[in-house]
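Okay, got some structures for you below.
Here chain A shows up in two complexes: once beside chain B, once beside chain C.
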Partner chain A sequence: MKAMTKTLMSAAMATAIAATGAQAAGLSDDKLKIGVLADMGGVYADVCGPGCVTAVEMAVEDFGGSVLGKPIEIVTADDQNKADVGSAKVREWVEDQQVDAVTGLVASSVTGAVTKVLTDNKKIALISTSASNAFTTKACSPYNAHWTYNVVALANGTVKPMVQSGKKKWFFITADYAFGHALEKVATGVIENNGGEVVGAVRAPLGTTDFSSYVLQAQSSGADVVALANAGSDFVNSLKTAAEFGLTEMVDVAGLLVFTPNAQALDPAIAGGMKLTTGFYWDLDDETRAWSKRFKERHGSIPAMGHAGAYSATMHYLNAVKATGTDDSDTVMKHMKANKPNDFFARNATLRADGRMVHDMYQVRIKTASERKSEDDIFAVEKVIPGDEAFAPMLAQCEFK
Partner chain B sequence: MKINKLYLGLLGFALIAPTILYPVFLMKVLCFALFACAFNLLLGFVGLLSFGHAVFLGTGGYVTGYLMMNTGITPELGILCGTAAAALLGAFYGKLSVKREGIYFAMVTLALAQLMFFVYLQAPFTGGEDGMQGVPRGELFGLIDLSDNMAMYYFVLAVFVFGFWLIHRTIHSPFGQVLKAIRENEPRAVSLGYNVNDYKWVAFIISSALAGLAGSTKTLVFQLASLTDVHWHMSGEVVLMTLVGGMGTILGPLVGAGVVVGIQNYLSGGELGNYLHIIMGAIFVICVLAFRSGIVGEINKVIKRNFSS
Partner chain C sequence: MVTFLGINLFGLSGQLLVGLINGSFYALLSLGLAIIFGLLKIINFAQGALYMVGAFIAWMALQYMGINYWAALIIVPLLVGVIGVLMERYLLRPIANEDHLYSLLLTFGIALILQGAFTHGFGSSGLSYAIPAELKGGTKLPFMYLPNYRAWIIVASITVCFGTWWMIEKTKLGAYLRAGTENPQMMQAFGINVPLIVTLTFGFGVALAGLAGVMAAPVYAVSPEMGSNMLIVVFAIVVIGGMGSIGGAILTGLGMGVVEGLTKYFYPEASTTIIFLVMVVVLLLKPAGLFGKEA
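The block that comes next holds the complex of A and B.
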């Protein structure tokens, strides 16, 4: 009995100390500062870029502009899709300018370098638009929160049904860096597990404008499906070239990562009917439509999934800071993982211990010209993929408490 | 005597600078300044325009990065190995390229550098477009932890001062006199009995080794070696730094690197970020049209005109 009281007492004491500790911590420098790092003018500018800045601004405004009575500041920078530029900027942010969390984060190569700097400095990365699954597997960190989607979800959502429907031979046109390699590897695994085979692959540097030689190789490979393991304007350019060479008539072309602005930029005659996987679509229900309408009024175009993800992640982070009363990364991250994000973007969502945000994904089809009612009417949602089916299970070594 | 006072003043400023300015920014300036000084040794004092100098910067960086990540050697050894690798590559490339002059020399160096660029792009150990990430800074001589920015800064400053001293010494040696003679009038140097190609070759090796030293140090500072350092844009940037600062002056590249890196740093965060390349281009054009001898060159002229007697 005595022993038990003692235990209870000490537990209560510990809680009290922890609570006062957190209260006393407050905000480390009398403000909360969020950095938005993205490609602002290059191949990925449309899928995050200035739109992510708008989304984060919206989140901060919706939150009230201040937390714990202190102002919330936003700083932004252009990483030019270069790992050295991005990591140098983020290093300056956290070491010299008291930035507490960084969001945006597009090209996986940049995100890889940036998350290392953030982890070294114990600051949170809210990854909205990167695709590589490395940030919650081999490069996992207790300070990573990978939000919108990843390559595993894309491969499971897009590739699996196609292989199962009898398209067995695959050829890849891959973006030659972390994201493309990861996507190709994961998709290859899905293809082989379902009885398909990969007959070949070519790697094109990021920002390639002339895809004709790659498309010709794909044409002569004898594949049933040509998979485009690239994104942004690389995807648009490669698909246009494929259409010009008549490849889209001969075989199925599968876009493995298609953002709304890219689909919108393509002629429905080329892209119509293509099936793909996305983490968000503006026209799902009233909630998404209401948010997307506000976004469009400010930004001029409908949101891509990265924009919605940046808003959702920022909101969840701000809520956690408010609830815990501190900007201490460990405490905030613990709260973020313990409490389920729930907003117009995050459906049936949970932030796992490894930093993977698991939520419903959507299998969609690009509408043909005759189906479209307006210029923003791009996708028809075919199926909701539950998060557990879309994302890979957690690895033991990445289970951070 | 006057010059020595100037150097001491600069050194004094460099010692207290990190208390005023962000140390990582200063380290970046010092690394690029060393790179530009190495480049200036060739362009300013031998008259050879190498248009592929980034390959030495990048090679130093990759070798140091690889060794630091995979073998766990101390940073000073890592830097030495990176410098040696750049020097070896420089010896090979130099031997091939000094046989040609003028525009042909520039094109040969560019072509050779592009060869290595594509090797680095495809070789698995460099990480391709991702670069080599998370290079540890390690502990200097196994004693001083360089992960502290201040410790790292003074180490980088020491490396820079050594490189700068070496260049200063080279230029003011009899060997340097011959280099200048070659720059002024090559046939006359030949007629005096100097083996011009050998002199050029040795200068090329010194320059590439120092560029490698700059690259190795830069990799430790940013804990990253990437394709940006091997790209021909970087070879162009060092030309810009040298010209803005003052070609053929010993302090010019230092000033040029400070100006160029400072502008890049200042603009990258602001609204003007998208126009960075246009602004740099405009500066280059103005510099070439209006003050060809660069900032330090112009200051030297003013001093000569007004104060020398």
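The block that comes next holds the complex of A and C.
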């Protein structure tokens, strides 16, 4: 009953706001503060880290540096990929430092802990780089906005077309922690639904240096495709070993989560030709190239998808604050969901009621050495995957109006 | 397919060989640590970071100066050895008479600084280093495909390991070295420059890490984290072999590679834990390690 009253009240409030235009409460503490939380110096530093800070700074500058006549502040912190470190920092941010929204957010374990703190305090999570689909399913919240991609989009984008083209037998080399398990589980579902089967899987501990044993097991499994359900240096090491032992010539090797810096870290002779799914690529068109050029000038390297996602999410959030005239999370979230994000990153995009940002994903192929015109020329876009095909439908219990 | 008790013997032989390859790598890394600890009583926590520096220098030499893999095999250990000499002379010597903990903390700090500096300079994603053209391809064995580069790793590491063991245990130079660290005053009285011997020994132990770094560059991701991942395992191997036993470090390195390889075959989830399990059992049964002398 209480929840019902609350829903009615917020509906009434929203109507009032819509009717009277931007005359609502204004900013609760005379400023708007955005936190950027990421792994700043560890294994995932290149895929978000300091680059996400740069992207958010660019968004704030492009927005004009202030909203509703008040300055926009950015605070940053290193979560060291540890859930306790990240959630303690965010608790301090929202309880003592009036932070209104947190972006960045990389390791899914950290994001899980952080989104809980944010939801308890009714603050918004703009998740840019995490892979797990939990934040819009079993751990969904009215304050989560999951922006760039998730494991479902990766599996649908990369695995489905391969199974449909006749590659029926799959073998997994999986990172032995939450993210790897989630990716393997979702991909297995896609394989089985399309008439394929999983003939074997090994769970390699995070940070394994030598994958030769697993590659030999994959070789003798009789699989058509060996899927690498891992990320970062685990991905680089496993693919290098697969090439060395001749696995890449016998069967197809599919990298399920590949960020541009990882693809750049591989010899094109090894990685060239591999197909993968990404939420963004810098060289799509003039708009992406223009933004990426500005990003590279400041950051020193081309943006990974999480960087572009952090910019886009921050921009959409700032626009919603400006339009609604308040930093009240419920009001801002409602506006963000009612209005489609549209920028160089967000194409055919909509922020669904469950917090999933559904947008075009891209199936790309890593270019071979002879195709590359510069060191940043790494992907060839093969196909645009419409958001509805890439992401899973919304669950009824996660439909936050 | 040949099977025994439901186990695919071809698969198993492949796993044993792969284990031996990793083992020869472990042997090379633990050898450097064992020399530095066995002769100088310094616990060098920077060994892993210097292995990483070795791999990065090889990458930079190729990228910026066109120095190929074979030349890097000579040049990089020398450069890393020089870093070691400077470390010993200016950082470790002033605290040489303090408790072992001081050198442990100092070298640990150096390792963190090196790792941080390389992450800052090169990012965390790693760099690529191609396998030298001469060693590309592989040989088809009855039970597996053996890449030529891996065969080279076994041959090179075992040669270096046993060469070093022979030099320290069987030659006159080795005898000076052991005597100089056992009883410095006496050797000094005989006119041997003991501080110089200590510095060079440290430099040599560290150079071995640099060599391992060059050998690792083509097969593993060259990244700032690569050393810290390896260091803990290698320390466990030195402990199992018996702190300071040079032959013990080599044999344990090879043996643990095989044990780890078999674990990866039968129960991969435990592959990073198995070495520590062995360490616990060995320490309980034989506290000085498999090849260590009881104090």
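Keep this in mind: the second predicted complex is superposed on the first by the 377 of 401 C-alpha atoms of A that agree within 3 Å, B and C clash if a C-alpha of one lies under 4 Å from a C-alpha of the other, contacts with A are read in each partner's own complex, and residues count from 1 in each chain.
Methods note: a residue touches a chain if its C-beta (ideal position, glycine included) is under 8 Å from a C-beta of that chain, and two chains touch if they have at least 3 such contacts.
All figures in this text were calculated on a predicted structure; none of them were measured in a lab.
*Asks:* Which partner does A:Ala113 contact after superposing on A: first (chain B), second (chain C), both, neither?
*Replies:* First partner only.
*Asks:* Quick check on the superposed pair: does A:Asn237 touch chain B, chain C, both, or neither? Answer first, second, both or neither.
*Replies:* second
*Asks:* Once the shared chain is lined up, is A:Leu318 touching chain B (first), chain C (second), both, or neither of them?
*Replies:* A:Leu318 contacts neither chain B nor chain C.
*Asks:* Quick one: classify A:Asp96 as touching chain B (first), chain C (second), both or neither.
*Replies:* It touches chain B, and chain C stays clear.
*Asks:* After superposition on the shared chain, which partner residues are touched by A:Leu32: those of chain B (first), chain C (second), both, or neither?
*Replies:* neither
*Asks:* Should A:Lys82 be classified as contacting the first partner (chain B), the second (chain C), both, or neither?
*Replies:* first
*Asks:* Does chain B (first) or chain C (second) touch A:Tyr214, or do both, or does neither?
*Replies:* second
*Asks:* Comparing chain B against chain C, which has contacts with more of the residues in chain A?
*Replies:* Between chain B and chain C, the winner on chain A residue contacts is C.
*Asks:* If we overlay the two complexes on their shared chain A, which of chain B and chain C does A:Tyr177 touch? Say first, second, both or neither.
*Replies:* first
*Asks:* Which holds for A:Pro205: it touches chain B only (first), chain C only (second), both, or neither?
*Replies:* A:Pro205 contacts both chain B and chain C.
*Asks:* Take the contacts of chain A with chain B and those with chain C, and give the residues found in both.
*Replies:* 41, 176, 205
*Asks:* Quick check on the complex: what are the chain A residues that touch chain B?
*Replies:* These residues of chain A touch chain B: 40-41, 75-78, 82-85, 87-89, 91-92, 95-96, 108-109, 112-113, 116-117, 176-178, 205-206.
*Asks:* Looking at the complex, which residues from chain C come into contact with chain A?
*Replies:* Residue list for chain C touching chain A: 8, 10-11, 14-15, 18-19, 21-22, 116, 119-120, 123-128, 130-131, 138, 144-145, 147, 149-150, 219-221, 223, 225-226, 229-230, 261, 264-265, 268-269, 271-272.
*Asks:* Which of the residues in chain A end up touching chain C in this complex?
*Replies:* 41-47, 49, 176, 202-205, 207-210, 212-214, 216-217, 219-220, 232-233, 236-237, 240-241, 244-246, 259, 261-262, 264-267, 269-270, 301
*Asks:* Quick one: which bits of chain B touch chain A in the complex? Just the residue numbers, please.
*Replies:* Residues of chain B touching chain A: 22, 24-25, 28, 121, 128-131, 133-134, 149, 222-224, 226, 228-229, 268-269, 273-274.
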